[in-house]
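Each of the next two complexes has subunit A plus one more chain, namely subunit B in the first and subunit C in the second.
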Partner chain A sequence: MRKTIFWRYPARLSFFRMDDRLLLISIGVIVGLFSGLAAVGLNRSLIFMLEGLYHLRHLWWAFLLPAAGAMASSIFLEKIMKEGAGHGIPEVIYSVSRYGGLLRFRSSFSRLISSCLTIGSGGSAGPEAPVVMSGAAIGSTIARFFYLNDRQRTTLVGCGTAGAIAGIFNAPLTGLIFTMEIILGEWSMVNIIPIAVAAVAGAEISRILQGNSIAFESSGFHITGVDLFASLGLAVVAAFASILLTRGLRRMHGVSVKVKVPMWVKAAIGGAAVGVLGFFVPEVLGEGYHSIHDMIQGVFKGGIGIAALAFFAKIFATSLTLGWGGSGGIFAPCLVIGSFAGLAFHRVLAFGFPGTPLVNEGCFALLGMAGLISGILQAPLTGIFLILEITGSYEVMLPLIIVSVISTTVTHYFESDSFYHKDLRERGELLRPGTDSRVLADIGIREVIETDCITVPPHMLLREFFHLLKQSTRNYFPVEDPETGQFLGIVELGDVRSYIFNTVMYDTVFVEQIMNSNPDIIHYDDNLADVLETMDARGCFSMPVVSNNRFVGMVSKATLLDKYRDELNVQTSQAF
Partner chain B sequence: MKLTIEEIARRLDLNLETLERWIRQGRIPVTKRGNEGIFNEPELKRWASSHRRSYRMSPRMDKNQIQQGCVLSSAMERGGVFEGVQGGDKPSVLKNCVALVPDLPLEFQAPLYTQLLEREALISTGVGRGVAIPHPRNPLDQGISTPVVVTFFLDQPVDYEAIDDQPVFVLFLILSPTVQGHLTLLSRLSFCLRDGAFVSFLKKIPGREAFLARVKKMEKIIDSKEK
Partner chain C sequence: METTFFHVFRNTPPGREIFMQSLYFCKQTRASIKIYIPEFTKFLMYFDNDVVQVDLDESYLTQPATARSHAMALAVQAGVEPFFIPPMNFTALTLPDISVDFDFMCCPRCISDFSSKFSLGHIGPRVRRIVNAARFPVLIPSSQFKEWKSIMVFFGGSANAVNALNLGLYLSRTTGVPLDLFTQAGELSRSHFIDILKEHDLDEEVEASAREWHFFEKGKFEYNLFEVPHNALAVLGAYGHGLVKEMLFRSTMEMVQSTLTNPLLIAGPNYAVGSR
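Right, the complex of A and B next:
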C-alpha cells in the first residue's frame, strides 16, 4: 500500500532528508507555474469582463455596475467561501509566521473570483493581492500534498507569491523581492533559490500565454541633474500621497464598521459611490492600467487640474471600494495614484518654472509609481524593481532609487508600519523570523514547564516542611489539597528563609499559614510573551502552571532563557 | 537510523514537545513516521554540535542514582584504611598520607600535597576530638575519577592546630572530582563525627572490616532520615 503512494512522500527519501534544496527547487517550479497560471487567468477574465461591460458604460445606470460587482463579490466571499473580506496579504504573512504557511485550498481561487467581480465591474482595486493570496494558497496546498514540513511549506508559499507577482507583472525579480521583503521578512539562501526559480517559472508561463510584453513599455528618458533635484520633491509628494491613501483606507474602514448593515449591502453602497465618482472621473474605475499607459507615453490629456482631481478621486475611490468590503489589492491603485501624483507634480513644475529642461512627464509618472509603492509597502526594493521591470527603462535608475528611498523614509515618520503590517502589528501578530516575539510565540508553555516540584499538603508542619526542603532541588513548593488534588497556593523558599533557624516555630506553624494562597498562575494555552510580561511586572522569576485547578509544574525565567537561546539558535541558523 | 521520538529527545536532552515541534517545523534533520523518527546519525550529530546541543550515544546516567545511598562507605571502601601512619608533625604526616593514596599516579602526588598544605594554611582541617579531614580546596580534575575517602590512623597523635587544640589521631582525606561529590561526602562524614560514640569507637582503632561496617550502619541512619 505504502509503495503505491510513495511518490507523495518525497521528503522521506534519505537524499532529500539531508538536503532538501533540490526538492524545494523542483516543487517550487510546479508552484510557480500554477500561480503564474492563476495570475494569467485573473488577468484574462478581467479583460473579458471589461470588454463585456464596455458598451454598458455609457448608460445612465452604469454607476450601479460597481455596486453589483462589489455586492456579488462580498456575497461570494462571505456566504459561499466563508472567508473574510480584504486583500489577504496580512493573512498570508500571519500564516507564514505562525502556522508555517498553512492556508486553505479554497483561498487559492476564492479571492481570484471575488476580485474579478469587484474590479471587472469597475471597482477601484488591484488584482495583485488576490493573486498573491491565491499563489500562496497554491504553494501551501502543494506542500501539504507532498507532506512537507513547516519550513519547506513556508518556502513554497513564498514560491507561490513570487510566481504570482512575476506572472501578473511579467516581472520575475519583483516577484522574488516582494516575497522576501514583505511576505517572508528574511533573506536566507535556502529560500532565495527556490523562490527565484518559481518567479522565473511564473513569469515564463505568463510569457508563453500572453506574450513577452513589458507592461508599460517606455524609454528614451534623458535624466539630468535638474531631474534628480526635482525627484526629491516628488519623493515627498509621493510620501504624503502614501500617507493619505493609508489613512484614507483606514478611515473609510472605520466608517464602514460603524454602519450596521450586512456586509454585502455595505459593499453595494461603496460600489455605487465609486460608480457615481466614475461618472465624473472615469479614470478611477477598475485597475486603471489604461490611464497609466497614457501617462507614461505622455499622451494623457487634461491639465494640472484634471490630474490633481484624478489623484484625489482615485484615493477616494480606492478607499470606498476596499474600505466598504470590495475585494482586491492596493498595488494597482498605488501605481495609478503614483502616476497621477508624478504627472501633477511635473505639470506644477513646468508651470512654475517654465523653461527648465525637465525630462518628459512620462518619466515623472513612473517615478511617482515607485514612490507610492515604496511608501505604502515601506519596501523600497520592491518599488525600485517593480518599476524597472514593468517599464523596462533602466536609465531612470538614479531618480528611481532616490524617490523610493526617500518616500519610504518620509512615510515611515508618519506611519511606523507598512500598509500590510499595520493591522498585524496592532493585533500583535507581526512575528518576523528571528525576532523576540517570534521566538516567544513558537515556544509553548508545555515545553518550558518543570515538573520536578515537590507538592506539600496544607496541614504539614513547618518542621516536616524543612525536612523536605533538604532533599528538594527547587525553591518552590506547591500546596495541594491531599484529597481533591486542588491547587491551593505556593510556598516560596524566600517566604520561609527567616524562620529556618527559629525552632519554636517548627511545631507551631502550618504550611497553609505561610503559603501564598493567591499567586499569579499560568494556563497551558497562555502566551509566553504575556507570561514574561507578568513576571516582569510582579518581579518574580517563576510562576506555577495550573490546569483544571491542579498544579502541573513551574515556569521559570532561568529555564526559559535556555529554551529561548535554543529556539533563537534554531530559528536563525540556516537550515541544516 | 530509526529510533522512537522519546529516545531521540532523550539523546539530545530535549523536551519532547520541543522536538516534535522542531520536526514539524523542519528545523531538525529528523522525519517522523508514526512514533518513530528517522534520521542520519552523523547528520544529526553535526546538527547538534552546530546548535549548542550534544548528542549522546548512551543513555544518560541519572544524577540522583549516583548519590543514592552508601556514598560515604563505598568511597571509604575505594579509598582504603591505613593504620600506623608515621610522622611527627602535620606536613610530614600529610606527605606520608599522600604517598599512600591508592591509584593516584605518581606525578599527581606532589601537586596534591601542595594543595593540601595550602588548604591547611587557610584554616586547619582538624575538626576537633582528634579528627582531621584534610582535603584540597578545589576539586581534583586529574588523577582520580570517582570520589574517594582515604582513612589514616596515625602511629602517634600529632599536633594539628585543631580547633580544640587536641592532637589528631585519625585523618580522613577527601578527594573528589566534583564539588557536589565533595560536599556530599563531607556532610555525611560530619554527621558520623558528631556522634560521640562513633568517635570513641574510632579511638580504639578498629580493623578495616569493623570500621567500614560501622560507617555503613551510620549511613543507613542518614538514608532513612532523608527518606
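Right, the complex of A and C next:
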C-alpha cells in the first residue's frame, strides 16, 4: 500500500478541517518568506550586474550591452528553461482564473535570471513582474507539495505575489492590495488574512537583509488647493501616457511578431535599439530608479524639453525591450515615465503660470507615478498605496487619490482592460471570480450530461414512436442508425405535435421524415458558456452531446442552471 | 460514456510506429482517438495537483504540412476514425494547454528529455510526471508496432497492482483478449494473493477471466520476465516515484520497462478505476 506521509497532507488534519485559515496563514508565512527572498535575490543580483557593467558604460560599444543582455535572456528563457514568452503576470492571472493557481516550478526562478540579464545590461524593464511570477510559482509549488485544493492553492499564489511585491518595494500594503486587485480580482476574508501575513513576511525578510529603507524618500510637501486643482490636469496627462505606453507595447509586439527571425535575434535587435537610444538619453536604460530619486528630490537637472524627451524615449525604450523579447515587467518603467510626466507637467505649469504657488516639482513626479501605475493597471488602490509606501509621503494623499482615480477612469474610457488583462480578455481567458464565465468554466460537459435518453431508429413508424412516447418523460429523442450507431438527428416533442391527432399518418410516417437531421450539437470539449449562449440564441432547452459521430447524452438548460447554482454556492461560500 | 485515447502525433517513421500502436489499442478497445499535431515544441497539461510541461523535441514538428494527412491515412488504414484536437487554451503565446480529459494516453518512454540521449531504457522524468499525476493510464509503446494477443497484468498485491488488475480485466472484457497474471511472490504464498483478490471482490472474476497465473516463488524477477509472451500487452501499476528514487532503489515498473520490449500500460497512483 502507498504510505501516506501525514505532514504532506496538513489539510487532512482534523484541526484544519473545520477552518483552514490557520493552515493558510502558517504556510503563507513560509511562502511570503521565500518570495521575499526571491525579491531580495533579484535586487542584489541587479545591483551586482549594474555595478559590474558600470565601468563599461562610457565605451563606444556600450550600446551593445542591452542587446547582449536581452539576447542572453531570451536564449536562457526559450532554449534552456523552455518557458513560453510573456511578461509573467498575465500567466499568473490566467492560472488563477482557470487552473486554481497551478504554476510550473521552473517559473519560480527562470524569470528572475532572465530579467536580471535584461535589466542589468540596460534593458528598459522592471524587476517586479518577474519577482511576482517567481513568488506566485513558489506559492503554487508549496501548495502542490502539501496537496492543497484549488482554493487554498490560489490563496498561496496570492501569498507569493504579495510577499514578492512587499519584498521588492518594502511595501506590504501594496503587496496585499496588488494581489487582491490585479491577481485574484476578489476581496474575500479567507484570502486577505493569509495574504496580509505573507506580505508582512516578505517585507520583513527584505528589511532584515537590506535594511528598512524607503525607496524614494521625499522631503515633505505642503499641498494647497492649487495643487489639487493642478492634479486634475496631471491625471489626464498620466492617463494618456498610460494609453500611449499600453498601445506602444502592444504595437511593438505586433511588429516583432511579423519579423521572421529567431526570438533571441529579435531580443538582440530590440536591445541594440535601446542601447542606441540610451546613448543619447541615458535615463531610459535599466529600471531607471536613479532618475526617479532625482526627480522626487527636485534635483533633476534637465529642463522641460529634456523631461519630455526622456518621457517619450522611456516609452519607446520599454516598448522595444519588452515588445521584442526582453524579459521584465512594466512597473518600474511606469514609475519612471510617470515621474517624467509629472515633472514635465509641473515645469509647463510653472513656465505658463509663473506666479502660481505650486508645490515642489518632486511632488508632481510622485503624483505622475501614481497616475501612470493606476492608469496602466487600472488599479487605483495599488497606485495610491504603492506611492505612499515607497515615498513615505502621506501628506500627498488627497492629490494622490485624485490623480489615481481620474487616471484610471480616463484610461478605462479608451482601454477597457488593464495592460495585464487585455490579452487574456481578447483570448476569452479572463475569468474573474463571481462571473458567469468563471462559474461555467468550472463545470465540465460530463458533469451535466444526461444519459437516460431513449434512442430511436430512423425507420420507426410514428405509431411505434407514440407508443414509446407514452413511456418516456423526455421531450427529445435522438435518432441513431441501428447498424453503425451513428447519430442521425433528433426528434423533439414539438416536431410530432401536428401528427398526434392525425391517426391516418401513424402508419405512414417514419421518424426519419420528421426528425431534425441538422441540430446544434455539443462536443465534450465545448465551453458551457458557449453552449448556454447557443441555447439562448436558438431558443432551445436541450442539446445533444455527440462524440465520434455517436450520441452520448443530452445537456438541458435546467440541469445546467442547477449545476451553475451549485457551483456558484461553492464559489461564494468559500469567500468568507 | 465514450472511451477516448490521446496521442501526440510525430510525423516521422518512429512516430508512425508509435501511432500505429495507439491506433491498434483504439481499435481493440473501441476507443476514439484524439490526435494532437503540435505546432510548438512544448505544451502544458494541467492535472488536479500538478502542471506538466511536455517539452517535445524538434522531430515532433517535422513536415507539419503533411502531418495531418499522414495521420489520417494511417488511421483510415487501421479502421479508426481520427479526431484532431486543437489546443484548449494558451498559457502564453507559444505555450498551449492540452486537455487532460481522456481515458488513455500514449507516451513514448522519453518524450524529449535529456535522459533519452544517455540512458535509453529509462522512462524520462516528464513521462513519470504524467504517470504520477494523471487519472488515466499511460500506454508506453514498444519501439516497433506489434499486435498484442494477450494481456499480462503484473500483480504484486499492492493497491496500485489491484488498480492494474482492474484495468487488465476491463481491457480483457472489452477486447476479448485473454488475460494472464504475473506474480513474483517471493516468500509470500499464493493464498496471500488470493486473500487480496477476495478483499477486493476480484477472486471470482479473476478465476473466470484469467487464462494463466504465472506465479513465481523462486528465481530472480528479471529472469522470470522471460515468461511474458513477446506479443502481450503488459499492464502494471506504478507508485509514481521520480527518476532518481527509482534509479536508486529500483522498482517493479523500472525493472519491467527496462527488460521487456512489450508495450506497457501503466496505471499511476492517481488512476481511479471508476473514472473510466
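Everything below uses one rule, namely that the second predicted complex is superposed on the first by the 568 of 576 C-alpha atoms of A that agree within 3 Å, B and C clash if a C-alpha of one lies under 4 Å from a C-alpha of the other, contacts with A are read in each partner's own complex, and residues count from 1 in each chain.
Simple rule for what comes next: a contact is a pair of C-beta atoms (placed from the backbone, for glycine too) under 8 Å apart; a residue touches a chain by one contact, two chains touch by 3 or more.
Keep in mind that what you see is a predicted model, and the values were worked out from it rather than measured.
Once the two complexes are overlaid on the shared chain, A:Ala11 sits against subunit B while remaining clear of subunit C. In the superposition on chain A, A:His290 makes contact with neither subunit B nor subunit C. By the document's definition of touching, both partners, subunit B and subunit C, reach A:Gly444.
Of the two partner chains placed around the shared chain by superposition, neither subunit B nor subunit C is touched by A:Arg207.
In the superposed model, A:Tyr524 lies in contact with subunit C only, and not with subunit B.
After overlaying the two complexes on the shared chain, residue contacts for A:Val552 are found with subunit C alone; subunit B is out of touch. On subunit A, the surface touched by subunit B in one complex and the surface touched by subunit C in the other have residues 444, 446 in common. Residue ranges on subunit A touching subunit C, taken from their complex, read 1-2, 82-86, 90-91, 94-95, 98-99, 102-104, 106, 144, 147, 427, 429, 444, 446, 451, 524-525, 547-550, 552. The touching residues of subunit A, when paired with subunit B in their complex, are 11-12, 14, 17-18, 100, 148-152, 442-444, 446-448, 470-471, 563, 565-566, 569-571, 573, 575-576. Put simply, subunit C touches subunit A in their complex at residues 1-2, 4, 32, 41-42, 44, 46, 49-51, 53, 55, 81, 83, 85, 88-95, 99, 101, 158-160, 239, 269. Considering their complex, residues 15, 17-18, 21-29, 31, 33, 38-40, 43, 46-47, 50-53, 226 of subunit B touch subunit A.
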